[in-house]
């Protein structure tokens, strides 16, 4: 009964996460003046791309959207809906930053769980979480022909690593999956939101072209 | 006998399609002043990339060029030949737009057939067709560091979706593979060429940076 | 005894190669002012990406870093170390060009050996070598939103093809793996360094936008 409810919570949060990622990608598509189908495609690639790359890299088939094709309607529909409510998006900015942080956290934990279920070593489990959490946004930025925000933004990948480590530490400590999920998510959300609020960032490596 | 000839037609059209895609990619390479090997590589990646991504995503191994390595000579040779006849290309513009439309249609149908042969659900069959038809051009544009034309151009991906749906509808209706192929191709070619001729396009989603 | 030492040499050179590729990618990351984690990620993707793409394309699982996760620490650590010694990098320029050439040669031979071990046809063995040698740098450049250097630089991919062909010709001639490794590497290193020194390059294909 307990383990079922953890699954249910994760599945519900996963749907929220792919909707939000598709919608933020739709905004990026609108900045590039893409057509409606382009908006759907970019939204779906962003929302489902992280998990797809993880599954391809870990040879974990079928991919989520191949097994559950309705996910393509969820992400494509969310992207299209963004066009309809584009005028409201500026006012929803804070809500979306919050939901995007939830997406990052949920994707990361799902990625850890899948690699863990395949019996892979700890470092690969963390990498699987980070790939799931971050690669969708990287694909979005590459398809928009810009340097991925991930490599420069407010602790985005850092938060993903932190969530993965916390979740795995709590799982190993035997507190149970529910608490591990709660602990990893809370720390991830807190740090991500604080990073946005206080403009936290990792130090940058700046190398002049003249130097080399 | 009948089914053999459908295979033969598809295989012949497939060779035409990869030659054409390699040649249009070679032109893109020439715009970026790539060297001759770069032209071959970009041509081959563009011509074979859509099918490769489809096979990786669907776990359908070996990839076409791994099974039939002569395809690499076909695409690399076509790209090199483009250098030799570059001076004639402007005059061949309309021919190439036509052949490129055939390539899009053939790739899409091949992608549908492969996913269908794997017993995948309808939505995934359509997605497999669109991936096969469109991803090669996306890879070409990403490697040229520009936003994929696909997301903005005259009904390119839309035509791919249309071809897939028509082909599948005809297959389901039981008219036989030959007629389904003919019907899907004809509608795809007509819409694509009309879109080029009359500058049809989907509505665009335009979102100002100031809004968010 | 003899075959063990060939393995040992290749493994040692592989570690050198991924360290060097991670460090040159770190410099590219510094030019784009990425943060420290971005530097680690770009370094790891560049160093391990060519082999990963090869393994995904050939369905050769598990990927090297999934099987040996300490490789992620090697590449991430090398990228971080680059930040610490950034000031010295201009003076180490020639050393790095030399080590980068070794990396290209070693990656190519490893890629050939793996495809050969899978019993794949000759053309695919060469392609596997070139993918292993060159795709890491392509991923680095795509993630930095620029046209891959590979398509334009001093015989980079050409050297990879040359190394693969020489290595395979020597293997076929029966001189043994040690001599094949030595012969392929030497020719590759010589041509690559001569290309850098004398600015050798393949002819370029230049196509004006007005022409088409």
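Letters A, B and C mark the chains in the order given here, with residues in each chain numbered from 1 onward.
To be clear about the criterion, contacts are C-beta pairs under 8 Å (C-beta built on N, C-alpha and C of every residue); 3 or more make two chains touch, one makes a residue touch a chain.
Here's who's who by UniProt: A, B, C = Trimeric intracellular cation channel family protein.
As the structure is a prediction and not an experimental result, all values here were calculated from the model.
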| So which chains count as neighbours of both chain A and chain B? | C
| request: Please decide if copies chain B and chain C contact each other with the same set of residue positions, more than half shared, or with different positions, and reply same or different. | output: different
| task | Averaged over CA atoms, how far is the centre of chain B from the centre of chain C? Could you give it in whole Å? | result | 30
| note | chain B residues touching 2+ other chains are 56, 59, 142, 145
| request: Note which residues of chain B are touching chain C in the complex, please. | output: 26-27, 29-39, 41-42, 52, 56, 59, 61-63, 65-66, 69-70, 72-73, 82-83, 86, 89-90, 93, 142-145
| request: Would you tell me which residues of chain C are touching chain B in their complex? | output: 56-59, 120-124, 127, 138, 142, 145-148, 150-152, 157-158, 161, 201-209, 211-212
